[in-house]
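First chain A sits with chain B, and in the next complex the same chain sits with chain C.
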Partner chain A sequence: MGRYALRRVLVIVPTLLMLVLAIMILEALAPGDPAEQFARLHSTTGQVTNADVARARHELGLDRPFVAQYVSWVEGAVHGDLGQSFTLEKPVVFEIDNHFVATAELAAVAMILTVLLAVPLGVVAAVRRGTLVDHVLRVGSLVVASLPGFFLAYLLIEIFATRLHLLPVAGRSTAGLVLPAVSLAAGGIATASRLMRASLLEVMGEDYIRTARAKGLTVSQVVRRHALPGASLPVITVFGTLLGYLLAGSVIVETIFAWPGLGQLFEQAVTQRDYPTIEGLVALAGTAFLLLNLGVDLAYRLLDPRIRLAER
Partner chain B sequence: MTTLDDPASNVSSDAAPPGLVRNRSPVAYRTLALWGVPIGVIALAALFAPLLAPAAPDATNFSQRFAAPSLHHLFGTDELGRDEFTRILYGTRISLGLTLLAAVSASVIGLVVGLVAGFVGGVVDQVLMRIVDALLALPGFILALAVAGLLGPGLIHLVLAVIAVWWTGYARVVRSMVLSIRQRPYVDAARATGSSGTRIIIRHVLPNVAGPSVVLVMLEMAHILLALAALSFLGLGVPQPTPEWGAMIADARAYLDQAPQLLAYPGAAITLVALLCNLAGDGLRDALDPRVQRHVLS
Partner chain C sequence: MNEPEPLLRGYLSGAMSRRAFFAKALALGISAPSAAALLAACGTSSGPASAPAPTRARTADLQAIIRMAAGEDQWPVQGTGAKSTTFAYPLNVNVYEPLIYLASDFRLQPGLALSWELIPPSTWRFHLRQGVKFHDGSAMTADDVVWTWGKRQHLGKTLGTVSSTLGPNSVRKVDDFTVDFVPVIPNLRLPEQIVHPEGAIVPNGKNFDSSPPVGSGPFQVVSYTPNQSVTLNRFEQYWGTKPSAHQMAIRFLSDDQTRVQALQSGQVDFVLDIPPQSVATVKNTRGFHVVSAKAGENQLIYIDKKGNKPHDLGAEIAVRQAVSMSIDRNAYVSTAFDGNADPGRLMAPAAILGPYANLVAPVPHDPQKAGQVLDAAGWKMGANGIRTRGGRTLSLDLIGWAAVTPLSFQFLQSEMKQVGIQANIMAAADTPTYNNYYKSGAFDLDLEIPNQNDGNPAFLPVLRMYSKNPGTADFAPGTAFDQLAVTALDATTVGAVQQASAQMQQMLINQDYIVVPVAGVRRLYAMISQVNLSDPHPSQTNQLWTSLVKYTT
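== the complex of A and B ==
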């Protein structure tokens, strides 16, 4: 177990280096020139000459060979320096720090909402499998999973902000947290409740459940004492999937609700070709995603005696 | 964003025996037929859009801006007086076409990479799988956003962004299927009788991997459709005045007060098609998974 964990942690580093390399290769191959944009931004007349662009390219460090750029990024990253944003002209680390709390708040509330709703919904659907309740929940979760997040966000704005005037349209406040958090959580609730249902159903197909039924326990006793403990394990894996949802959804939701978080920062960085910010955020999101999935895997191994025993 | 290896999709390498599709139950056919029909109707409508549409998708009419739905304009008109129904119809072409193109391309690339990695093994396998791992270290949509943003505008760039992200999941699943097929007696037998590696891949491995791959593509269609719409909503990839659903929602934002229906039509269109894809995929998965059927409580 210890050796396994160590190996998995060590693999994260090359994986991240490869990921950033892939992004930098893409930046190098992509059409469009951030140096020209940078020069234009700093030009007083709005006109830029080739010399201006060349100067900007040198200033941004884009005139160095590709390998040198990559190596210096890695060297900086090791020392906690992710470079200087092209457009905001502040250290990327500073920008990340500035936007981190807003995203963390939003993601935490969305995560809590998801767990509070998805687990009971999944259990009810599985226990009442094949009944009207199951069908309604199943179709409902499929509809929500099929709703584009940005469309849902505008539906919520139209209903709760424009028509009913209950909640603000945008901006960072406690009331302003409700609509983005719900928009962000919806897809995850739909998916997680289906995962919960599937995992409970899978456990209920196991031999020990049949044994429990055969010795005369009622369905509800079987679910409570035998199925739920077994089914709660796979649900841990949901957290890995959920973080993916939250990271991806935050870009859209933060943009729509003017929520000053990392998602918005990323969206701006991508549209403005702010390479250092893109690289920094990709590395950060990758780290979070890999660490969480590793944590899920390790928790799973710790909690599931079958995997532990199989390794001996 | 759900990845291919999420625990809900039982069409993983362990759950899916090779030859899965060949053994599918009549229920699977019925599910396919049930949801395939409406998907087929929508696809036909997209195909014959020029014949069905009452107007041209970019024909503007400034005296008819924001017209309410009527017999003449089934869904009303937009901010430039363009017929909304026509634009939704043409949008079907774009959304379905791009989704299909992206899904098929990604699965073919994934299939080839997975076959090579799984069958050749060794250094080739190591290198290919480390690349896959690196690309899977980000939620798919984030990576697609970065790729689409860096490539700049253009429908084909949008598709490339989605392909760049989605092939990795297929590659990983196909590879693990190949690894299990490689150990089967018939592969040993083929090798013993002197078949070459290429022949074994084409005659023995590919037929067994192809079926589950088709199912995987179907399961991912809705995700790809939604990702494409979200990217174009963010203003990536789709140049004006292309009637793409995500871009139409983005355009409609400015006129929410006057004409909220302009947001509703493309939104409903995306939801409907994604829902049909999800229903087809979901039903197919249940029908193909024997574990769901031999269930104690049912």
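== the complex of A and C ==
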């Protein structure tokens, strides 16, 4: 287990290096010149000349060879320096730090909501398969999963803020956390509960479940002790991926709810061609995904003894 | 009509509700449509609370806190470098103020300078207002102006159009309240240019990004959280008309729809820049109203007449004329702006041209003539509805600022198609992408939305079309235009500049067809009925919030 984890952690490093290299190649291919953007921000006339752009390019280090820029980024990253934001003119690490807490708050609440609702809803639908409850939950989750995130966000604002006056429309506050968290969690709840249901139904048909029932255990005991651990494996994968997305920041939800998190920072960085900030955020998101995937794989081993046995 | 009169007076004085008015009118034998017509004739709306109900004398609440929702917070977006500003929209000239204000009718008004005069050949003398206090309690003197325009401008921190004409010793203190501007490049438009918020005066030794921000404007900054909120309090020692509201609590909600919903939920009192499509909804909701400024931005299509193949078709005047005549401006503003815009006629707001605005004739919507012009030029209609000549398709690439909506693009494309021109939309998701399109020169038509932010009537034609300006090479019409530009730049009276500017615009719009104005865009503000903005400014950056009032209920 330990060796496996270590091996996986070591793989993270080259994966991240490849990821940043890929994003730098994409930046080079994307339309828009960050040097020109920088020169415009600092122009007092609103117009920029080629000389202004050349000066900006030199100042930003964009006139160096591509490989030199990449190596320089890697060297900085090793020392915890992700460069300087082109537009905000502050260290990228500082900007990420400024926005991360807001995103983490939102991600944590959305994740808790997802886990607390998706698993029980999936279990209820599976246990009551073919009943009205099952049909309602299945159709409901299908509808919610099909709704575009922005539409659901506006719908929630319209109902709970505009009409019922129960919650704030936007802004960072404790009450203001509810609507964006629900908007973010809704899709995950719908997907994970459907997966939970399907997975549980599959497990419930296994021989060892029949054996457990034959031994006189109640449905509730069978589900809790025997079926759920096995049926949870694919759902845990979904939770891991979902948490990765949440930690990377949601551009749409954060924009609609004026939530000052990483999604907003990313949107700003992309529209301003702020390359160091984009690279820093992509590296952060990549790290989050890789670590979560590792966590999911390790969780598999804890939940399913067959995986551990297969390794031996 | 004797009986309805006391009835009407009762309603208009506020002593009677609308419902009671209709009930009593019906009792008097007046039909409901007639009663509604009576109210309409008296200037009241028969719709559901679509107006701010200005029928009663209302008292401004001097202790009011006005909660405002704005879009982008431009302060951090503009960076903390050389051009850092606290005046960026929506703060404008409310914290830091210029020597001269640009009023909402585009006339110059004394600001920190009481008066100004030209001492020939090109010295501008400003007589400063006495008794002006900065927010830290210090008095404003000539030293602050010399710092702002004399020393600080060399750090690249002042308005470029002015500072580029100034040398190291161009701004000189005559006495404590008199300052001379002696440009090294004669600049007769200087007073009209320094109205821009970037020309605002900062205390000696400070900058726009000094913390805490210290200006002399009607509002002072109390707190600021980037991208989230800024709170301003009325500056009690302000020299001019003080704001009626005690405090403005501004929240930044970048999403248009969220801002409107924040208003409807009662969480803000005033919303900046609502989308035109939301106007009807807000107007038709009881308790809210919309205030519209006159058009200050103009949607203009610039036709590139100096492009290289395949972008060389703009060189033909027949093509340019056909593009201009193909567009039904009335239908365009109805479709793309829900009627909340003006059909395009000029490059700049009509008010800034004064009486000379009428020198610029509107381009008629005449698809038939557009077709004839193209026929005469040899462009024959093909079976697919697109014209060709010698095997070449009449196809033009249309780029536009990121703010141009898909609906606008599609409407213009459809109009041009009616006369056989194929317009290929190259929408830009953001400004850098647009800049990339523009710089590459791979376009024929360029849809821009410039805003008139200074008081120079010739500002935009000169900026975009005068051959001596950098960046105008694609569009500059030539010598005749340049002569008019020089006339405008050298004019010593406002009327002469207005006339020259109108002549330039007539040449660009109606003779050369290089510029195709399609819409005059208005700033739209939505608010609760207890709030009113009495002096909406067409210019984005010159809006003062002193005329924003919250009435006692």
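One rule holds in what follows: the second predicted complex is superposed on the first by the 287 of 312 C-alpha atoms of A that agree within 3 Å, B and C clash if a C-alpha of one lies under 4 Å from a C-alpha of the other, contacts with A are read in each partner's own complex, and residues count from 1 in each chain.
Here is the rule we go by: contacts are C-beta pairs under 8 Å (C-beta built on N, C-alpha and C of every residue); 3 or more make two chains touch, one makes a residue touch a chain.
Bear in mind the structure is a predicted one, so any value in this text is a computation, not a measurement.
A.B. asks: One more residue to check, A:Thr237. First (chain B), second (chain C), both or neither?
C.D. replies: first
A.B. asks: In the overlaid three-chain picture, which partner chain does A:Arg64 touch, first (chain B) or second (chain C), both, or neither?
C.D. replies: Neither: A:Arg64 stays clear of chain B and chain C.
A.B. asks: Contact-wise, after the overlay, does A:Leu247 reach chain B, chain C, both or neither (first, second, both, neither)?
C.D. replies: The answer is first: A:Leu247 touches chain B but not chain C.
A.B. asks: After lining up the shared chain so the two structures overlap, which partner does A:Thr271 touch, if you call chain B first and chain C second: first, second, both or neither?
C.D. replies: both
A.B. asks: Of chain B and chain C, which one touches more residues of chain A?
C.D. replies: Comparing chain B with chain C, the partner touching more chain A residues is B.
A.B. asks: Under the stated touch criterion, which partner chain does A:Thr255 make contact with: chain B (first), chain C (second), both, or neither?
C.D. replies: Touch partners of A:Thr255: chain B and chain C.
A.B. asks: So, A:Ile23: does it touch chain B (first), chain C (second), both, or neither?
C.D. replies: In the superposition, A:Ile23 touches chain B alone.
A.B. asks: Between chain B (first) and chain C (second), which does A:Pro31 come into contact with in this model arrangement: first, second, both, or neither?
C.D. replies: After superposition on chain A, A:Pro31 lies in contact with both partners, chain B and chain C.
A.B. asks: Which holds for A:Tyr154: it touches chain B only (first), chain C only (second), both, or neither?
C.D. replies: In the superposition, A:Tyr154 contacts both chain B and chain C.
A.B. asks: With both complexes overlaid on chain A, does A:Leu290 touch chain B (first), chain C (second), both or neither?
C.D. replies: Once the two structures are laid over each other on A, A:Leu290 reaches chain B alone.
A.B. asks: Overlap the chain B and chain C contact sets on chain A and report the shared residues.
C.D. replies: 31-32, 154, 158, 162, 255, 270-271, 273.
A.B. asks: Tell me, which parts of chain B touch chain A in their complex?
C.D. replies: So the residues of chain B touching chain A come out as 1-3, 6-8, 10, 130-131, 133-135, 137-143, 145-147, 149-152, 222, 226, 229-230, 233-236, 246, 249, 253, 256-257, 260, 263, 267, 270-272, 274-275, 277-279, 282, 291-292, 294-298.
A.B. asks: Which chain A residues qualify as touching chain B in the complex?
C.D. replies: Interface residues on chain A, with respect to chain B: 11, 14-16, 18-19, 21-23, 26-27, 30-32, 127, 129-130, 142-143, 145-151, 154-155, 158, 162, 191, 194-195, 198-199, 201-202, 204-205, 209-210, 213, 219, 234, 237-238, 241, 243-245, 247-248, 251-252, 255, 266-267, 270-271, 273, 278, 282, 285-286, 289-290.
A.B. asks: Spell out the part of chain C that touches chain A in their complex, as residue ranges.
C.D. replies: 76-83, 156-161, 163-164, 198, 227-229, 251-255, 257-258, 261-262, 264-267, 429-433, 435-437, 439, 469-471
A.B. asks: For the complex, which residues does chain A have touching chain C?
C.D. replies: 31-34, 36-37, 40-47, 49, 87-90, 154, 157-158, 161-162, 165, 168-172, 255-258, 260, 264, 268, 270-273
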